[in-house]
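Paired with chain B in one complex and with chain C in the other, chain A is shared by the two complexes that follow.
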Partner chain A sequence: MSKNNLNGLWLLSIAAIVTPAYAQDYLTAAHAQQAIFPDAEAYQPMLLKLNVSQRDKIQTLSGLRQRWEEQKVWRVEKAGKHVGWFIVDDVVGKHEFITYGIGLSLDGHVMGIEVMSYRETKGSQIRDAGWRQHLVGKTLSDPFKLDADVPNISGATLSCRNVMDGVKRLLALQKVALANG
Partner chain B sequence: MRYKQLSILILGVAGTCLAANAIADESLFGYVKGAETLPKGTWEFDQSFTYRDDKGSGEYSAWDSKTEVEYGVTDRFTASGYLKMQSIDMSDLVVDGYLPGNESYGLRPSGVEASFKYNFLSPAKDDFGLSGYLSLGYDWLDKHSGQDKDKYSIELELLAQKYFMEGQLIWAGNVGVEAAYAKRDQLSASRLAGLPEDYDWPTNPEMEVGLNAGTGLSYRFAPNWFIGAEALYETEFETEVGQERWSVFAGPSLHYGGQDWWATLTWFKQVRGGGETYEGQRDNDLHLIEKTEQEIRLKFGIDF
Partner chain C sequence: MANTKRMRPLLGTYVEVGVHVAEMPEHAINAAFEAIGNVQSLMSFHTSDSDLSRLNLAGGKEVTLHPHSIKVLRLARAMTYASGGLFNCTVGGALVRLGILPDHGVRVSLESGVADDIELQGNKARLKRAVHITLDGIAKGYAVDCAVQAMQANGVSAGWVNAGGDLRVFGNFVLPVQRREMDGSFLTLGGLQEASVATSTVRSEHDKTFPAWVFSEYRTPQTGTWSVLARKAWRADALTKVASLANPAERNALIERLGGKLAIPAGALTPCA
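This part shows the complex of A and B:
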């Protein structure tokens, strides 16, 4: 084989490598907290460390693997009282991780979800309030099934599935590792 | 020849860099197909270049170009149209009945194709993805010899796909069957004059039936970047000789999937093969009449 031919082909992979990856951040954690808990007065950050047993329990409850050993959690307070939890999570998108923040009530309901960083081409509707609204009010006992209780977004099915599954997993995490009060 | 090949590469680089807006039905592999379809109402432009090289004797290299426009008719049904082109550079190689001596020309149109993919099960939604694939083709150049040959083909495949690790690890598998009707043109008098007297070049219509099975595994090792491996078994049965050939190709794939475009580079090495051999063939563990020792394929796609 002519080496000139091969050299030409490798140019293409070099072109791919030097092209900058696209990233779009929409919200900071503070913005997401305010959007979900507008009346809250304090957000106490904590780094929740999960041991193997807790991660196994999360998987048992949700049917989903708890990928992260640490999870960023904020205790949400109003007038000195604990009113909810705010958690930042990353799930696998088609090409990159999707970062989102979720608010949970003390009795295990989803109060709101905000997409903080979404880098995929298709499926930007995940950021739309209309789609996210389908996850609000969910509890661990809900089906969490695409095209059943949560609509699918064509072309971004994997992203929808993983965000939806992430919400279910965090409800299980709350039950296993977050104590109210 | 070098300038023609350079032109192909410049076209590829330009297309890759000037991409506009991407991607659902992207190819993680060079040869194995995934089960996903385009969303309804979206278009995608795909281009692949395949370099085929080395038949173990003489000099043989060829480029295949496949330009595809894909359209999502519904969320589950994708239709595609293709223009195929090829170039060939062959010398010091004559194989009775298959390769009638030196041939050299640059990239020229060689065939057209239409394909249709219907998604039965979505890999992300239903845990296991499954699609049916139908392809109809008409070629007027033989990709092996470079000679004129009319070939009408129909191909049916089942495409499976499975996500593991929330989609970070992806498996795909294909099985398919192809049937073709082919008829060669007569060789020119000047070409015949340069061939041995007993050289056989059948021009009767022939029927070909091919079977294929492929599998691939791809892992996202960094944001946007996937490394994978794929393998493809192909065999072909033909009217006169029965099983004409079989081969197993395997090799690594590197895939980039970005915001605006994707690209996949695959090196495919023939690891085993059999069937017809040519006189003087040194490596009888490979099929080197209709296949080469290796192929390199670059594909890229752009949504618009």
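This part shows the complex of A and C:
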């Protein structure tokens, strides 16, 4: 097999792995900032770098590991005054990959959490059997019709524990690495 | 028309609120999430100061509760009675023993009870025997109904709310719906309009990433994925538990008698094991 073909195969398999079964984008960072801090006037971006000792402290305080050395943080300002922090974070669960934004007040309270993007990674195939016709006309005043838009998901309730753990970790990060003023 | 949607972590899961209107009404989306947060703080088993926990921890004394709590207790008691105990909101004690629900340090002598154990009078409630009520099988759907009401009160004519699979669609549009199967794949159910669908998955072992658990003292729930349609989300939510526990021969008729409809009628497809 030629080298080119091999490269082609590699690309294929990687694409298959990262294609999520279900993916929805909700908000950009800018929109999430506005949703959580509607009165703020400026969001100053900074790339927070955490050293080993800071990451250890975050783990001690929250019981959760700060896996990455950098965290995207925005200083939120109103009338030139520092009023809070906005942080973008990722959590990876057994089934889900979620990017969310969180707003924190200067005294360490959660002002709001918005999921920015939601991906379910397990199971790449969409089953679409002909038997779904069974639904048509058999439901309460025929609520099921067929449509081709982006679908919504009904299913077993997926726990949001990963995001809640992320929140705990970010509250510790604020204590360890973000200075007010 | 464009759809605008938001997602926040609430009710222990991910809640999506969507509007099918030209302009994004920020206040309506916020009102929907607030309504859900309100139901969560009233009916959570996990916090010891919720209305539900105050009732469970009252030691048989009468407690005054929020009208929403009274209403859900009334619906839960009626569904417990009407389903012959297949839906049973009094199994809190058993779920604490199994480690599915937290122990707030009060000894529970009964693992489960009956509808009559709940006494309701005006805005007051009392437990006649030492049972623990859990509203996990109905309150999530009720929260969805409250969120829909909040959106409508804020002028949204069409939209949807999906609380971890308990989904209600309102207004003049059709929302396509897929179901997440046990193996993580997705099955197209069809389009939903002016109705609710709820899904419960019964596993043979407890999975913390999908923490819901169907329990019955007398029957073993049938492993698989159960989806029920109803007008309102609280009913669809409650009836998924009935579907998983019902005698297969009577399942369709029973769900219909209780005001719902199996999304996949028994016989049309064998539930995925």
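The rule is short, and it goes like this: the second predicted complex is superposed on the first by the 118 of 181 C-alpha atoms of A that agree within 3 Å, B and C clash if a C-alpha of one lies under 4 Å from a C-alpha of the other, contacts with A are read in each partner's own complex, and residues count from 1 in each chain.
Basically, contacts are C-beta pairs under 8 Å (C-beta built on N, C-alpha and C of every residue); 3 or more make two chains touch, one makes a residue touch a chain.
For clarity, every value in this text was computed on a predicted model and none was experimentally measured.
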Touching partner for A:164 - first (chain B), second (chain C), both, neither: second
Partner chain(s) touched by A:52 [first = chain B, second = chain C, both, neither]: neither
Touching partner for A:152 - first (chain B), second (chain C), both, neither: both
Partner chain in contact with A:67 - chain B first, chain C second, else both or neither: first
First, second, both or neither for A:119, with chain B first and chain C second: first
First, second, both or neither for A:94, with chain B first and chain C second: both
Contacts of A:179 with chain B and chain C, given as first, second, both or neither: neither
Comparison of chain B and chain C by chain A residues contacted: C
Chain B versus chain C as contact partner of A:35, first or second or both or neither: second
Contacts on chain A seen with chain B and repeated with chain C across the two complexes: 21-22, 93-95, 120, 122, 146-147, 152, 154-158, 160-161
Contacting residues of chain C [partner chain A, same complex]: 3, 5-10, 12-14, 16, 18, 26, 140, 160, 162, 164-167, 169, 174-195, 197-201, 208-212, 225, 227, 229-231, 260-261, 263-265, 268-269
Complex contacts: residues of chain A adjacent to chain C: 21-22, 24, 26-27, 35, 38, 93-95, 98, 100, 113-115, 118, 120, 122-129, 131-132, 134-136, 138-141, 143-161, 163-164
Footprint of chain A on chain B - complex, ascending: 2, 5-6, 8-9, 12-13, 16-17, 21-24, 38-40, 42, 51, 53-54, 61, 75, 122-125, 163, 165-168, 220, 223-224, 254, 256-260, 263, 265, 294, 296, 298, 300, 303
Complex interface listing, chain A residues touching chain B: 1-2, 4-6, 8-9, 11-13, 15-17, 19, 21-22, 65, 67, 91-97, 119-122, 146-147, 152, 154-158, 160-162, 165
